[in-house]
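After this come two complexes, each holding subunit A, first together with subunit B and then together with subunit C.
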Partner chain A sequence: MDTAVPNPAVVVSGVRKVFNRGATNQVDALIDIDFTVQRGEFVSLIGPSGCGKSTLLRLIADLIEPTDGTLVVNGKPAHQARLDQDYGIASQHSGLFDWRTVERNIELPLELKGWDKSRRRARSAEMLALVKLSEFATHMPWQLSGGMQQRVAIARALAAHAELLLMDEPFGALDEMTREHMQAELLRICSETGTTVVFVTHSIPEAVYLADRVVVMSPRPGRITAMVDVGLGRDRSELTREATEFFDRVTEVREALRGTHVGDPIMGVDDR
Partner chain B sequence: MTIIAARTRDSLAIVLPPVIFGVVFVALWQAWVEIEDVQPYVIPKPTAILQSLFDDPNLVTKACVVTGVNALVGLILGSILGFVGSVLTNRFRLVADLVNPLAVTVAAVPAVVIVGVLNNMYALDSQIGRRLMVSIAVFFIVFVQVTKGLRHNNPTQMELMQSYAASPRQVLAKVRVPNTMPFLFTAIRTAAPIAVIIALVSEYFGGTQDGLGTKISGSLNGSNKALGFAYVVGGSIVGLLFFAGSSLLEYLVVPWQRRRRPG
Partner chain C sequence: MSARVRKLVMFPVAFAFVAAAWEGYKAIGPANGGRLLGMRLLPRTNSRTMPHVWEMVSRLGRPEVRGGKQTILSVVTAATWYSFRVAFTAFVIGAVLGVAVAVLMARFRLVERGLMPYLIMSQTVPIIVLGPLIIGLMAYGSRDLVSKTWIAATLLGVFLAFFPVAVATLRGLQSTPPASMELMDSLASPWWRTLSKLRFPAAVPFIAPSLRIAGASAVVGVVVAEISLGIRAGVGRLILSYGQEATSDPPKLYTAVFGAAALGLVMALVVAVIDRQMMRRHPPEGV
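And then the complex of A and B:
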């Protein structure tokens, strides 16, 4: 009966992360982190540089372990979710493998899962169509532009039928034009696939444009200081970027960030 | 049209200066020998060298083939052993920690003298000792570079493999070993001309008298300096062929290296 109950995609409860515990260079990265991401929801994590938003993402991905607290991903412990490849991950560096063609890059997680070749090829073709790069299947990654490489990385992250996408500033290295285009593409891909996304960024407009909900974090030790419901609906276009509601939410997030450190200029948060 | 013209101009700009330098150098050499009336048993004229090169091209070609084959066999064998050896030792951390510093040290020793020992192990007319000598030298160059490659991991890629719950063996096969390819082929490119030199020098330590090394020393010690220099020219051509061949191989196998080169 458990499967019939719609469980949330991610449940983070009472999580604390301390690096170099007990040493002189001990760092309290995160404290008192509690939040839930519903299935199909798009959540942005925003906060100043060094607030631990990437650390939080890596905790959800079980790439590091929490000092205290529990993380439940896809209804199971984060560790099990990683072993089952329940999530896909993409970061600022696409991390594509130079010696593999674009399609073979996308097929790598499937190879590790033991899929046979024809099934892998069919899936990579499907994913390439999704990110609109079908004609580049047999190209090498270094022959593509930065934006195209990121699209391949997203295709790879979604290839193994992951319903959860963890993204750490995936468009951070792209120019503004490409970045806006990629944001629109990501929203289209998510609405086509129903993927849940946890998206780390330090750009306020990016966080608001993409997300259903923005989680605002304080400077180190990072804690959640505000949750802003964006409420712009799912049909977002270039017009959304010029809508009054959009600016209202941007202002709301900005003030939430400022509230974390009254009077201080916010370091490391991008107003673009 | 204009692109082709520009490309031609660009390659000319690269090729022309060294060619001009070479031609001028040879011309000055010729002029110096003629004007100063330098005796042919001291330094021969470039034209005399060419003369003896074409008098009996087979003579030089045969010696080039003997030394070239020795170098090639040693280069291939040493590269394979160096690569396999590095991957196997680095599979086990403790072994790697013991072997790696040793390899770096041994690679710096002028080990050509070992060929004397190797020669004694095989028949007098055998080339095996020389080939093994080349293999040993190449082995260490390749071993050290491939080891560097195995440890040169892209953090994003390693994290991805972790997120795929990949086993250490899968990480080795899918990421770490392919990551060594640029290092392997850089090492082969470095080792190729060295292989020729080692093959040539190995001939000074006994064995058959048919390679470039023995022919050069024989002719230079005798009266036929021009022929000795003709053999030197042959040796240079073999060395250049090895360098060109290994560069082409690198270009074909690791094309992304055209953009990035490891240290």
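And then the complex of A and C:
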């Protein structure tokens, strides 16, 4: 469909993922996945728990290999994109290293890129200011609350200023206020830097507020059932959350999700 | 800080308790031993078997042999210091070797599969036979036995210290959280950088306690080697030879026992310091 635009950020074609193939615990996690993310686009992935959102993200990140199909990231095979460190990733679990201070956790991707120390320190300070944790630079992760740890993980994902961000429920452990602040900050960073984002979430309003496009998935086997164009423009503010168009899109996504479960309650999707 | 002071005060307090128990039993126990549940279990309390604590302590200040110049304190101290050096060398070599082998096993499945059975089997060999075996293997027919037995004692200490470290390190390297491994993969980190930045530091909470075991094992290995090989200089040999004088000079044996106890204690302290340094950046227990 939109493959006509040159060199999209992510192209997923004909992807299928089967775990433990042939074994009794075989899981058909994903089937017939085709979608494209344009450069600078913000795409939210939403769907009930276990529908394969994290799996899809890990496929794009080349952390696991597809059973069938191809993934092209930044115009090259996903594998090459990973080797080139073309993306930053924040996973569902913060995964901070206990033995490193907060700032040194944020500097980890930069160390692997071979940046020198002063440059790393400058960038981590900038990132800490962004997530409002400057006073905690030299704390150890285990001295922070769960939400603060998650903000450090987000700062780490953003640190290298990658063109593509892959985020798996990064704001899950945050309170409503911090969550809205981080959402606004993420949108600001993305529009300033033209970053492309693939964002997994459980929350319909979050998916709609952040994204240009919401990809709706259904479980077992996981497939894409709808794409909702949000069309709220790029300038979003607190007012956006109260606009009628916003509620219309939220309803649209909710109905798309319902369509996948006639009559059933939607397990694991947040209406808030 | 006060916790550390309290820990240091613990040592003399513990010593005082043991001394008090010793003297207490000596005061009330049967002089010629006694029966308990029909067996001769209760030790004799006469001064040949159980000299007073102050006799042992004062024995330290007198010469080792009648008319000799060296006090027994300096002889025991020198022997203990000698054994400590051997045991500490064995501990360091054993620990380094243990970590190195574990890294190899973590890197190559084949090495793990091939080596693990031998490792486990090696620990079933009674250590007492190993000393003479090592000597026999490396110094058969040689006259230069002193230096060779020194090496043999070290080897035995290494042999005992190596195993707990290797096993704990391997377990530590294999229990890296998968989410952290994925993060390093997403950063295209090569194997050895993942090892140095993630897997090894994540294994430290496994390795540090194994060092305590390794330290104690190195001491056991070295003392056993000294006793079974008859190394002149070590504290193990002193226990053996002073034990032979137990009838004529009962407190003498206990001065060597003090030396052996001090050896274990100093090793434990040194290893505790290493342990603390290694765990400095890790969350304290219960976090």
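Keep in mind that, in the parts below, the second predicted complex is superposed on the first by the 247 of 272 C-alpha atoms of A that agree within 3 Å, B and C clash if a C-alpha of one lies under 4 Å from a C-alpha of the other, contacts with A are read in each partner's own complex, and residues count from 1 in each chain.
The criterion applied here is as follows: contacts are C-beta pairs under 8 Å (C-beta built on N, C-alpha and C of every residue); 3 or more make two chains touch, one makes a residue touch a chain.
Model, not experiment: these values are computed from the prediction.
S.K.: Determine, for the superposed arrangement built on subunit A, whether subunit B and subunit C clash or fit.
M.R.: Superposition check on subunit A flags a clash between subunit B and subunit C.
S.K.: According to the stated criteria, A:P109 is in contact with first (subunit B), second (subunit C), both, or neither; which is it?
M.R.: Touch status of A:P109: both partners.
S.K.: When the two structures are overlaid on chain A, which partner does A:W142 contact: first (subunit B), second (subunit C), both, or neither?
M.R.: Both partners, subunit B and subunit C.
S.K.: Is A:T240 touching anything from subunit B or subunit C once the two structures are fitted on A? First, second, both or neither.
M.R.: Touch partners of A:T240: none, neither subunit B nor subunit C.
S.K.: Go through the superposed model and pick first if A:Q38 touches only subunit B, second if only subunit C, both, or neither.
M.R.: In the superposition, A:Q38 touches no partner, neither subunit B nor subunit C.
S.K.: Which one of 1-9, 19-27, 55-63 or 73-81 is the stretch of subunit B that crashes into subunit C?
M.R.: Only one listed stretch clashes with subunit C, namely 73-81.
S.K.: Taking the stated contact definition, name every residue in subunit A that is touched by subunit B in one complex and by subunit C in the other, in rising order.
M.R.: Correct list for subunit A: 61, 63, 82-83, 85, 87, 89, 91, 93, 95, 97-99, 108-109, 111-112, 140, 142.
S.K.: Using the touch definition up top, name the residues of subunit A that touch subunit C in the complex.
M.R.: Listed in rising order, the residues of subunit A that touch subunit C are 58, 61, 63, 82-85, 87, 89, 91, 93, 95, 97-100, 108-109, 111-112, 140, 142.
S.K.: Quick check on the complex: what are the subunit A residues that touch subunit B?
M.R.: Interface residues on the subunit A side: 61, 63, 82-83, 85, 87, 89, 91, 93-95, 97-99, 108-109, 111-112, 140, 142.
S.K.: Per the contact definition, I'd like the list of subunit C residues that touch subunit A in the complex.
M.R.: Residue positions touching the partner: 177, 179-180, 182-183, 185-189, 193, 197-198, 201-202, 204, 281-283, 287.
S.K.: Along subunit B, where are the residues that touch subunit A in the complex?
M.R.: Per the touch definition, subunit B meets subunit A at residues 154, 156-157, 159-160, 162-166, 170, 174-175, 178, 181, 254-256, 259.
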